[in-house]
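Dropping the structure in here first, questions after.
By written order: A, B, C, D and E. Residues from 1 in each chain.
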Amino acid sequence: MRNRSSSRKSKKARRKRHSPPGSSPGLIHLEPDALKPIINTFVYAAGECQENQLRTTEEISKQLQAAPDKFHWIDVHGFGDQLFLEQLADSFGIHRLQIEDVVNGYQRPKVEEQKNYLFIVSRVLEEKEARLVNGQLSIFLGPNFVLTFQEMYEDVLEPVRVRLRHGKGLIRTSGSGYLAYALMDTVIDNYFPILERMGEQLDQLEEELIESPSRESLDQVLSIKRELIAVRRAIWSERDKLNEILRSTLDFFTDQSRVYIRDTYDHTIQILDIVDSYKEVTASLMDVYHSSVSNKLNQVMKVLTIISTIFIPLTFIVGVYGMNFARENPVDGSPLLLNMPELYSPYGYIGVLVVMLVIVILQVIFFFKKGWLTRS
Amino acid sequence: MRNRSSSRKSKKARRKRHSPPGSSPGLIHLEPDALKPIINTFVYAAGECQENQLRTTEEISKQLQAAPDKFHWIDVHGFGDQLFLEQLADSFGIHRLQIEDVVNGYQRPKVEEQKNYLFIVSRVLEEKEARLVNGQLSIFLGPNFVLTFQEMYEDVLEPVRVRLRHGKGLIRTSGSGYLAYALMDTVIDNYFPILERMGEQLDQLEEELIESPSRESLDQVLSIKRELIAVRRAIWSERDKLNEILRSTLDFFTDQSRVYIRDTYDHTIQILDIVDSYKEVTASLMDVYHSSVSNKLNQVMKVLTIISTIFIPLTFIVGVYGMNFARENPVDGSPLLLNMPELYSPYGYIGVLVVMLVIVILQVIFFFKKGWLTRS
Amino acid sequence: MRNRSSSRKSKKARRKRHSPPGSSPGLIHLEPDALKPIINTFVYAAGECQENQLRTTEEISKQLQAAPDKFHWIDVHGFGDQLFLEQLADSFGIHRLQIEDVVNGYQRPKVEEQKNYLFIVSRVLEEKEARLVNGQLSIFLGPNFVLTFQEMYEDVLEPVRVRLRHGKGLIRTSGSGYLAYALMDTVIDNYFPILERMGEQLDQLEEELIESPSRESLDQVLSIKRELIAVRRAIWSERDKLNEILRSTLDFFTDQSRVYIRDTYDHTIQILDIVDSYKEVTASLMDVYHSSVSNKLNQVMKVLTIISTIFIPLTFIVGVYGMNFARENPVDGSPLLLNMPELYSPYGYIGVLVVMLVIVILQVIFFFKKGWLTRS
Amino acid sequence: MRNRSSSRKSKKARRKRHSPPGSSPGLIHLEPDALKPIINTFVYAAGECQENQLRTTEEISKQLQAAPDKFHWIDVHGFGDQLFLEQLADSFGIHRLQIEDVVNGYQRPKVEEQKNYLFIVSRVLEEKEARLVNGQLSIFLGPNFVLTFQEMYEDVLEPVRVRLRHGKGLIRTSGSGYLAYALMDTVIDNYFPILERMGEQLDQLEEELIESPSRESLDQVLSIKRELIAVRRAIWSERDKLNEILRSTLDFFTDQSRVYIRDTYDHTIQILDIVDSYKEVTASLMDVYHSSVSNKLNQVMKVLTIISTIFIPLTFIVGVYGMNFARENPVDGSPLLLNMPELYSPYGYIGVLVVMLVIVILQVIFFFKKGWLTRS
Amino acid sequence: MRNRSSSRKSKKARRKRHSPPGSSPGLIHLEPDALKPIINTFVYAAGECQENQLRTTEEISKQLQAAPDKFHWIDVHGFGDQLFLEQLADSFGIHRLQIEDVVNGYQRPKVEEQKNYLFIVSRVLEEKEARLVNGQLSIFLGPNFVLTFQEMYEDVLEPVRVRLRHGKGLIRTSGSGYLAYALMDTVIDNYFPILERMGEQLDQLEEELIESPSRESLDQVLSIKRELIAVRRAIWSERDKLNEILRSTLDFFTDQSRVYIRDTYDHTIQILDIVDSYKEVTASLMDVYHSSVSNKLNQVMKVLTIISTIFIPLTFIVGVYGMNFARENPVDGSPLLLNMPELYSPYGYIGVLVVMLVIVILQVIFFFKKGWLTRS
């Protein structure tokens, strides 16, 4: 179940990832519990696609040199081997600062052009055990290779692998730029089911808040609001990144790929639209909550007021006739006729009951006219 | 009647329309309950206008080739035939991604220039069974044809058809660009009656909220606010789209048409103005609601306070004279003269009543001076 | 007196002015109760100024042709004659869409350049019967003529007519552009007294809200806030319009006129400043209102609490001595000495009174220390 | 002491300064109580500085012609002589609209370039009798003269005069542009002590609001907030003005002066920073106020609830034993043993007291556990 | 412990730092308690690094001239010697206004280009004794020297000194621009632990606010909010400064250094992201606080209402049977059978007890159905 403590844990994780202030730039700061790297490669061309699991930088280089006219996707999961990462960076001529960005894992989506490759960062939103995991997909895109890094083993890119294996669509024939597009597009498409889940949660919370406004529901609304803000920030940068790619004159993307990237760009705008409308919904829900709470207070106060204003005067009246004014002077026994003669009237009791009944009826009419007896 | 559950249903519909993440781009993802396509065509020129209902791509191509110097409006409703859509796209040389945009049905208003045609998306706001339906009109504008797609059978474009049939104004003589303008203009004009309805609803809600602030009214205000935000988003993009058309140097629109498009552009600005002023009204209504609710609480508390502060002291006084302090010592019968001598005074009862009356009068004066007895 | 119902009427009027969706553009949609046109003309030059009231387009044309080297101000009030408007538009070569803008009457301030004239829209704010009327002054500015349209007979331009008649300042000698400037300047200057009235109303409301926060005052604050937003929107566009005129290279305005238009431009900025500071004042007044209301609730609750906490314990005490515990066993008449011996003490009554007095004194001290007895 | 009524008076003053709508532009609209002009002049060069008090335009012209190679500061205070102002304007070739701007006295800070002079407006903030006075310093800067106008006699420019007299720094040797800089810089520097005073007031209000949240404190916070907004608006335009001077290629300022103007520009940014952080403080203080008020209400309600919930049940119990159920049948004297046997038990009274004590103890424990007995 | 009074002191310090209005620009305004300057120098090149502590401008100049081909870092702490600062400025050709900026100590981060050096201001955030200290690092960057100024003796730059001493990374070999980068980067990196501390504090406050919403927690939230705003302002300008450096064509930074500065630029964006998300958290915490307070009020009112509505009617009933209506006429002893016959029924008392029990049960059911007996 989604809860506050888990979201807090993820925040802590994020905060702890930085190298100590003042340390040399480009220093790879590994976490002690980082996973061992696993390297999967796809070597593909128009009619073929070969899948391997490699272990060392040498194997990768050999494979790349063996088939320079095919396309290579080197897919690295896990950062737990500093030496390997450094060798890999050197082998592909990658700047140390960018490897630091890969390992650091909290970069905004961006694209950086280098002489012989592009460095692209995408933010991957996933739901694991009902909480939002904000991962990073780092892509190095060269003329005939795509090198990707992710921190965890499982990822959201399986559909792309399936398309590569089955040779569906343009994916095998349209170069490394198209593969990079397919990866970014899959990452963006993955935002939709998450927003769908949030939408359903918001619908459910709306019902809960109207029927019984509880603090738990409020906490959930606030938590979704924060998630939405995080999603908005990520997708806003994704949009800027894609726009930068579209406006730039980078060789790595063909005109054909650009048409598809423009489509992904449109998706980011759709996601922004949805996120913004959900933020409006959370604002409405806050209004609904506050109005429900003050409504409940009004209800409580109305009950108190009705009961009190009916019975307090009645209690006063019966109190009057509970007074012990003497009927006769204790000294000389002379009658004190002015002292509560009602008590000695044959219809005194009945009279008092009737008076009280009349008061109750008048008050009920008053409350009814005020509209206090109807539920609002 | 407009209600929350219907608006929720429409949201769900919107969320479910996306292809699964990672699927090939340009894939047409049809809903199982999509309507069968109906194709109406208008073939028109200065003095003539012929209306047909066709069935296949071949018939459309034949008609187009038969009269290349006339203008053709091919008006497709319903997306329930994937093969037909693909054939049509191929026949007009339309990019698959744009057909996906047509079917997907949740695009922001936009214009995309292609070599031989323009792709224009307009958002159509309609009210059906008192709820806001946010549809999409997709226009492919070529030199001598206008190809339009809509998901549902009924639409808001009937006035344009009537003008075509009757040859009113410039519509038959001013080329395909003018027809595209007329369609977009009709879509925009359709926003006005919807805003008028919202305006009336807001006026009515204002009266309701002042007289009896109910949760239902608040919900309606919040619901109109969300609708306004949706309208604003749509019209904002419409404005950008029209501006892009105005600033571009697209061949499809003559200078004459541009003057008219500028007029439509002015309409989008008017709509933005109205939407913004309505948003201000909803904000005021929220203020009115909250102030009404706290006013009601104040009313309730005032009644409670007045009744309580009047009767609680009186009840205390009569309680005093209900005490049973003995007049004489039970042991030796000696009189205990200090024990409640008032009870044995001939004017005790009258005196107490007078004292209580004075207290009540003083309190009423106090409340009157505080202004609590006047309705505020 | 300014009130909500009147402002609502004006909104309705505004909403009803649009042609039905999909109707031909440039169609003049007349209201059934439109006023018959009245045409006043000024023919003026350096030393002379002649004023006429004409009736037909022919007369206007004749007058214009009779004195082509003088300046002509054709001042039309009322739109109730479609034929006349169409003839006039044709006679001056005015585009039908702009005549539609004139009649429609809800255009943002703007300037549109045509080959042989400028089309300028100004929004005229007036106070009639203490409500804000948002009218439109449409100006067609040609090399030797100024053609103005207004919907109603009375207007705010009388001072310009007086200056024309008396030949004060530069008005007769500086061409048609200067006259157009004078008209626009007069319209802008008219905003100042309206803002002054709002300022006075806000000062008065501030006093009312502090002394007795009523719903009526709140409604007035909200109503002024909305008026301010309307004024802001109008003046913002006026500023943009004037800026566009200043930055453009339009022939109709001489460098001399531009200096004056820059002055008017500065006035729009002053008005924006005033409107913004008034908006701040309305926000403060809302704060003052809410704080006054919650203050009043606190006052009410304090009175209730003081009275209740003083008398409820006392009532309990006197209740204790109203209990009827028997002094002797009803069966054997043996004394039950533990049953309320206080009742039989010679100083019981006095003792109880003293105890109650002490309690009251202690509570008063407590309340005084809490600061509840002082007015806040 | 700073108070609301004074700030209201200043607003009224500001609103009344405009010429009637539609009057000729450039008309000097003098207030009846305008002060008579006093003209001080400084004629200075590298080694000398001569100070005079002149009376007429002729004297000024004569002095200017007598020493064309020296620098002249003509410092005019008071606008109460229309003829003098017009002669002065003509003598320096100043546009009438700018003289209107000088007299009108409510211009945003701006710079206007003319062929032979610069017109600069600065807003002067001063505190007089503990209220904020928003004056205007109008500077006409020519190649060898600086002509300044202020409405009142006293001003904030004395330090510049002292520097001129003593020849400190660059002031005598760096031309008229440097003198204009020194004047503008002194005006800006004068914002700092005002902000300091506001800061101290805010600190004091914070303490007041936490200890006893009164309406007076709230009013002061709102009043400071409005002052801050006024300061922000003025300084924002000052910054723009200085930026315009820095970016322009005006001859009147040497490169050396520009370095100093850039420093003044940095000061405006510092002031903006301080104003923004003070605005944040006022927002926090509003939060503190509202939270204090609702805290006080909670306190009041807690006292009421504790007293009521303790004594109401006890009062019920003693009420029970105040009932008069008969012990024996009045007709036949037979004992009614079921009627309140407790009253006849030897330990009845003690028992009831013990029961009530137990109830009180249980409630106190309940309240203690709820945390209601501790101050929060 | 972090507290309000300390933050107030720091504000006062900041406000007092300005020279009096109107004083000559470039005047160094020293505080009386300014620290005596301490000058540390590093003279370094590829293979060597020499560290000295100098005392006078002459020594600095001599050292600089002795090794013109090496790089010099002159690191000044403390401003308490006006003569030294002026001599140093003259010796390096530094403008007096910039020395004023150094000493003044409240500059926004900025970069100013001079002919032979760059002047860079960085804001240093540190936590000393648990409060945020906002210091200034002023850097003068020349072709072969870096001259830094700080007001206090201790600083955050120790890691850079260590890297210089140990010759780690590129620091000794990449010129003065790289050293300036390293200093700026260290300052930025120092923001992360501060944000981490704030994050932890916010987490803790969240728990406190949910469990027991106290005014102290609210004050802390408001105080963190203000700190965040201060951090945001500083880092925003840092980002602009770095961006200006990146976009400019300054000679002092090599292409290699620019890559690293771009990395620092990315860090500022990350910090902005974190600050923005923390601001959202503070906004949520405010919501949580207000909802907790109103929840507590609801709890209190519910207890009052439940107790009152149960016991007030019961008290009325027992009051009824405490009335003293006479059973027989005191004059003739005739029985008054209508006067409270219940009192004489054998099951009267039991009956009343049963009636009251039934009432209590009904009310408990009512409250249970309302959901008032469950904790919310």
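We take it that a contact is a pair of C-beta atoms (placed from the backbone, for glycine too) under 8 Å apart; a residue touches a chain by one contact, two chains touch by 3 or more.
Not measured: the values here are computed from a predicted model.
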Any chain that touches chain E and chain B: A
Angular offset of chain A relative to chain D [C-alpha, multiple of 5 degrees]: 145
Whole-Å gap separating chain D and chain E, where each centre is the average of the chain's CA atoms: 25
Where chain C touches two or more other chains at once, by residue number: 294, 297, 301, 304, 308, 312, 315, 319, 322-324, 340
Chain-level touch network, classified as line, ring, star, complete or other: ring
Complex interface listing, chain C residues touching chain B: 4, 8, 11-12, 15-16, 18-26, 95, 97, 100-101, 106-108, 110, 212, 214-215, 218-219, 222, 225-226, 229-230, 233, 286, 289-290, 293-294, 296-297, 299-301, 303-304, 307-308, 311-312, 314-315, 318-319, 321-324, 327-328, 335, 340, 343-350, 352
Of all residues in chain A, those that touch chain B in their complex: 156-160, 162-163, 168-169, 171, 185-186, 189-190, 192-193, 195-196, 199, 203, 206, 210, 259-260, 263, 266, 269-270, 273-274, 276-277, 280-281, 284, 287-288, 291-292, 294-295, 297-298, 301-302, 304-305, 308-309, 312-313, 315-316, 319-320, 322-326, 329-331, 336, 338-340, 370-372, 376
